[in-house]
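Worksheet: one structure, shown below.
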Amino acid sequence: MSIREIRQSGSHPYVFGRYHEPVARVAPGETVAIYTEDAFEGRITGPDTLPSQVLGKYLNPQTGPIYVEGAEPGDTLVVDIIDVEPTRDWAVSCLVPYFGGLTSTTMTRTLQDPLPELVWIYRRQPDGTWRYGDRFAVEPRPFMGTIGTAPDLEALSALTPHMHGGNMDCPEVTKGNAVHLPVNVPGAYFSTGDCHVAQGEGEACGVALEISGKVTVRFDLIKNHPIQWPRIVSPTEIMTVGSARPLEDAGRIALGEMVDWLQAEHGYDKWDAYQVVSQTAKLSIANLVDTYYTVVAKIDRRYTKA
Amino acid sequence: MSIREIRQSGSHPYVFGRYHEPVARVAPGETVAIYTEDAFEGRITGPDTLPSQVLGKYLNPQTGPIYVEGAEPGDTLVVDIIDVEPTRDWAVSCLVPYFGGLTSTTMTRTLQDPLPELVWIYRRQPDGTWRYGDRFAVEPRPFMGTIGTAPDLEALSALTPHMHGGNMDCPEVTKGNAVHLPVNVPGAYFSTGDCHVAQGEGEACGVALEISGKVTVRFDLIKNHPIQWPRIVSPTEIMTVGSARPLEDAGRIALGEMVDWLQAEHGYDKWDAYQVVSQTAKLSIANLVDTYYTVVAKIDRRYTKA
Amino acid sequence: MSIREIRQSGSHPYVFGRYHEPVARVAPGETVAIYTEDAFEGRITGPDTLPSQVLGKYLNPQTGPIYVEGAEPGDTLVVDIIDVEPTRDWAVSCLVPYFGGLTSTTMTRTLQDPLPELVWIYRRQPDGTWRYGDRFAVEPRPFMGTIGTAPDLEALSALTPHMHGGNMDCPEVTKGNAVHLPVNVPGAYFSTGDCHVAQGEGEACGVALEISGKVTVRFDLIKNHPIQWPRIVSPTEIMTVGSARPLEDAGRIALGEMVDWLQAEHGYDKWDAYQVVSQTAKLSIANLVDTYYTVVAKIDRRYTKA
Amino acid sequence: MSIREIRQSGSHPYVFGRYHEPVARVAPGETVAIYTEDAFEGRITGPDTLPSQVLGKYLNPQTGPIYVEGAEPGDTLVVDIIDVEPTRDWAVSCLVPYFGGLTSTTMTRTLQDPLPELVWIYRRQPDGTWRYGDRFAVEPRPFMGTIGTAPDLEALSALTPHMHGGNMDCPEVTKGNAVHLPVNVPGAYFSTGDCHVAQGEGEACGVALEISGKVTVRFDLIKNHPIQWPRIVSPTEIMTVGSARPLEDAGRIALGEMVDWLQAEHGYDKWDAYQVVSQTAKLSIANLVDTYYTVVAKIDRRYTKA
C-alpha cells in the first residue's frame, strides 16, 4: 500500500487562515505524507548566506491548507504523527538580527546593536547525531515547529502560535504523539511546516536545527467536541499547550486547560483537578522567542482515564 | 559518627537577610541535619483549619541563619543535599485566598471573589505514596522549597526567590544534587525550610504537599568564585535558576546564566554556548506563583567538562 | 459643498485585512464622513440586554475597507480627524464576562467566577455631559476606538491593536489631531469604528461609552515615507503609539519609536533624542484590556521641528 | 519661625527598612526641611566621571529613617510636600550600563553589548530652565524620586518601589501635593531622597535630572486608617500608585486601589466605582526602569467627596 504524498503546488502560504485555496483534500482516517520546506525556504545554505541578505519578508512557509472532509466548527481534528523525517543530511541554525530569546527584538525593543549574524551548519553523522564541525553533536529529535488549523476570521502569521496551533515550536509534536486541534472553519484548513531535527526547550536563539522534511500523519475527527487550545497525547502523558505573552499567561492557559480537561473527561471535580495539576504536572517552555510564547503542561496518564 | 543536628532556637526568621543572629556555625566540609517547620508552622492540620483563620501574617518559617566559617563575599557556597526526609506521615495542601497561579492575587489584581478555601490532607501509605482520601496518590519526591543565603543589604521575605536563592520552589533542590549559592555577606547566613514531599512544576495552586522535614546537607566553599544566581548540579545535568517577573525575564536569566557558565567553564565561545543552549536545553517552570516566578535551565553533562 | 458620506454596504468586517472588498474609494486630499456602528452593532440597549445573551461571536464592526487611491506600501497614510460626532443621544457601557482590566480573562486565566454582567446606559444632558441615571455625569471627549490599515498578509481581529493601528482605544484619536498609519498594501485598506463618547485611560472595564458615530476625516499620503507604528500629531504634541504584551513592551515600542522619530526628522542625534524622551515625555496607557495593550508617548512640540 | 532642618548623620541608608537607627524624630503636625544627596551621592560631576568608574555598589542614598512620634501599624502617614528645591545649579543625567528602559538589563537579560556610557550635565539658566549645552532646555518640575516608610519585616533596596513607597520616580510627588503612605512599624521610619529637577514619565533612560535637594514637608497621621499602597492627593485629583512587574500588574494595582478608595470613602458602590475609573481615569507610567515599574491612576476631584 502506498501513502499519498502532498507537496505544495504553487507558492507556500505564510499564514494560517481560510483565505488560501486548499492544496489537497483528505478523508478522516487517511494517512498522508506531507513534504515541507525549511523555515527559510532553503535560502540559508552556509556561513556566507546571511539571513539579512538572503531572506525575504516572510518566514515559515507552510504546506497547506489541507481540507479535511467532514470537519466542522466544534469538532476536534486529531493528527497522529507517524513519522517526521529530514529530507536532507544537513540542518541550519543562525542568528537573525533582533530575533531570539537573548536579544532585544522588534517587540521587546532597545536601542542596542543587534547580535552578530552567524550561521551554523550541522551535518548528519554515521552515528545518527547531527554535528557542527568538530565542536559538538546533537541527538536528533525531529518534530514539526508549525502545525495548525485556520482561525475562523483571522489570518495569522506562520510565526505566530495561538489557539489554532501554529508556530508552537513544541518538541512534543513528534513521532508517536497525537496533536488535537480545534476546527474553526469547515474543512479545518490544516497546514504544517518548519521541521526541526532538534531544538532545546525555549528555542533560545529563535532558530532550531532547521530542515526540510517529510511528515507522515493520519487525520481523524472527534465530532462535536470543541476544544479551545491545542492538546497533545503521548503514550505516557496528556498535554495542554498555551501560547500568549507575557509567558505567565501562556503558563496559566496550559494549566487552566489541563484543569478543565481533567474535570471534563477524567473524573475529577474542579478542585481535585487543580490539586492533581498542582502536585504532579510537568511544565515546560516550548518557545520563548515567537510572537507568543508557548508553555506545555503534562500530566502522567496514571492520573487519567483510558 | 553522629551528624550534628540544627534546630531553630527561638522564633523562626521569615526573611533572608543579615539582620538576624546566626543560630549555628558550621565549617566547610561539615555535614549537618537541619530540622525545618512546614510553610504554615504546622497550623493547618485538617479541613477545619482554614488558612484565613489560623495563619499569622508570615509564611515559610526558616531555620537559620547558619554561619558558614570562612565564607566571604565573592565565594560560592556549595550545599550538597544528602537527604530530605519528612518528619511526619501527613502533608497538607490548601487554597489560600488570592494566592496561587490560577487565581488573581494581590499583585495580579482583579475585582473577582477569591477561590474557596479548601484543605487537602495527604497521608503516607504503606506503598510509599502519599494519598488524599480515596481519590488519588502522589509519588514522593521530597525537596526544600526555600534555600538561600543573605542578600548583602536587603532582607527579603521568605516568600521571595531571587539572586540569593530563597523561595524558588524548585523540585531539583533534592537528594543527590548540589545547590550553588552566591555568598554576599561574611558567613553567608544560610537558611532553609518549606519542605515539600511532592510538587508539580509551577506549583499551580501555590501550595505543595507541605511537611516538616529533616534536611541533611554538607556545606563547602568555592573560594573567589562569584556567581550571580543559584546553580544546581545533578549527576547528569548542570542547571541555572532565574527568578523574576514577568516569567520570560526569569527564563532569560536562566538561559543567559547558562550561556555564561558554558563559556566561562566549559570550553565554548559565547556564540557556540548560545547554540548549545538553543539546541539542547531543558527549560522548566519551577514556580508560577511566588513574588518572583522561577525558571530552571538544564544542560546534559555530555555537553560540559567534568 | 457637500461632503461625501460613506456607509457600510453589506455586512461589517470584523478584521483589519486585505481580504474584504473595499466599500469605497477615496482620493488623497479628499474629506469624507464615515458612519460607524457601535462596538456591539447596537445590540445592547438597556440593562436587560446582557452581553452574553445578545452578542454574536465578534465585536467592533468596522466601516471599510476604504481604498485610498495611489497609496502604496512604504507610504504613510495621514488621517486628519475633523470631527467625531455621536449619532444618538445615549451611550452604553457594560461588564462582559472575562473581559476587562480588573478581571481574569481568556488570556490571563484563572479559575474564578466572572464579574457580574451589568449594563450602564448614559444619556446626553442639556449641559452636554453624558449622565448615568442620577449617579454621575461624564464630559464628552469623543474619539474612534479603532482606526487602521490592512496588515500585508495577516487579517487581524478588530479587537487587536498592532502596527497597523486597529483597536488602540486611544483617546488622542480625536478631533483636531492627525493619525499617521503605515500603508502595507496597495490602497491602504483603511477601516474605522468603535466610537467612544468618553473613555478613561486604560479603559479599565474594557467598555467605554460606546456609541454609533459620524466621523469626518481628510485623507492624505506622505509618499515613500515608511513608518513602523501609528503616530499622532496634535497642535501641541507629537505622539507615538505602541501595542504589545506585556505592557512594558508597548511602552518600550512607544519610547523607541519616539527616539527614532526625533533622530530622523527633528534634528537630534540618537543619544540626545533618548535624553529628550527621558526628561520630557508624557507616557500614558491607552488600553490595558485589549489583545495587545497600548501605550502613547508624547513630546511637546517645543522640542520638535515644524 | 524657623523650620527644623534634618541632615543625615553618618552614612546614608540604601534601603527602606526598620534595621537602621532613626536620624531624627518628628511629631505629627511638624514641618521640617530635609536635605538629600543626589542618586549618585554626588560622584558624577562631568562627562569624564563615568558611572562604571566612580559609582559604588549602591544607588539612591536616603535621608532617614525619620521616626514619626505616635505612628503605629495601621495608620496612614500623610506627607504634605511644601517645597522641593535644588541645592545646586547643575543636574546630571547619564547612561548606566544595562540600566534603563531602552536597553537590556540584569533582569531583562540579553547577550547584547551595553549602550555607551554618556553623561549629560544640565545647568540652571537665568530664565529658570535647565539647559544641556546649547542643545535643549528643560522646564523644572522638581520632585522626590524616593519617598517611603519601612516595610514591616523586609529591608528593601532604595532602587525598589513597592507597597511602602520607595523609588516610585513619580513626578506627582511634588510641591503642593500630599503623599499618603502606609505605616508598617511603630514610628513609620520615613526616608526620602533621589530628587529630580525634571523627569519625563517612564524615566526612559533610568536617570532623570539628578540633584541634591532641600525638601520641606509637614508630617501628619490618620490614625487607624490602613492603606495598602501609596496615594497622592493634589488640589484637583486623587491618585493611587501601583508598583509591580509586569507593568500591567502595576496598572491593575493602581486601578484596583482607586476602585476600593472610591467605594470606601467617596460614596460609590463597587461597580459604579469601576465605571467612574473606566470612563474618567488618567493612567500614566511613572517609571519603566526600576526593579518594579510604577503606574499612577488619577481621578478628578469632581468625582470625589471633599
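Each chain gets a letter, A, B, C and D, in the order it is written, and its residues are counted from 1.
We adopt the following convention: a contact is a pair of C-beta atoms (placed from the backbone, for glycine too) under 8 Å apart; a residue touches a chain by one contact, two chains touch by 3 or more.
All values derive from a computational prediction rather than experimental measurement.
Asks: Pick out whichever of the two, A-C or A-B, is joined by more C-beta pairs in contact.
Replies: Higher C-beta contact count between the two pairs: A-B.
Asks: Taking the mean of the CA coordinates per chain, how far is subunit B from subunit C in Å?
Replies: Once rounded, the distance between the two centres reads 46 Å.
Asks: Can you compute the centre-to-centre distance for subunit A and subunit C, using the mean CA position of each chain? Integer Å is fine.
Replies: Whole-Å distance between the two chain centres: 33.
Asks: In subunit C, what residues contact two or more other chains?
Replies: 102, 108-111, 245-246, 252, 256, 259, 274
Asks: Drawing the touching chains as a network, do you get a line, a ring, a star, a complete graph or other?
Replies: Chain contacts: complete, every pair touches.
Asks: Considering the complex alone, what residue numbers of subunit A touch subunit C?
Replies: 14-15, 17, 19, 57-58, 106-111, 152-157, 228, 244-246, 249, 252-253, 256, 259, 270, 274
Asks: Name, in rising order, each residue of subunit B that touches subunit C in their complex.
Replies: The contact residues of subunit B facing subunit C are 102-104, 108-115, 246.
Asks: In their shared complex, at which residues does subunit B touch subunit A?
Replies: Its residues touching subunit A are 93, 95, 101-102, 116, 118, 120, 132, 135-136, 138, 198-209, 245-248, 251-252, 255-256, 259, 268, 271-272, 274-285, 288, 293, 295, 297, 303.
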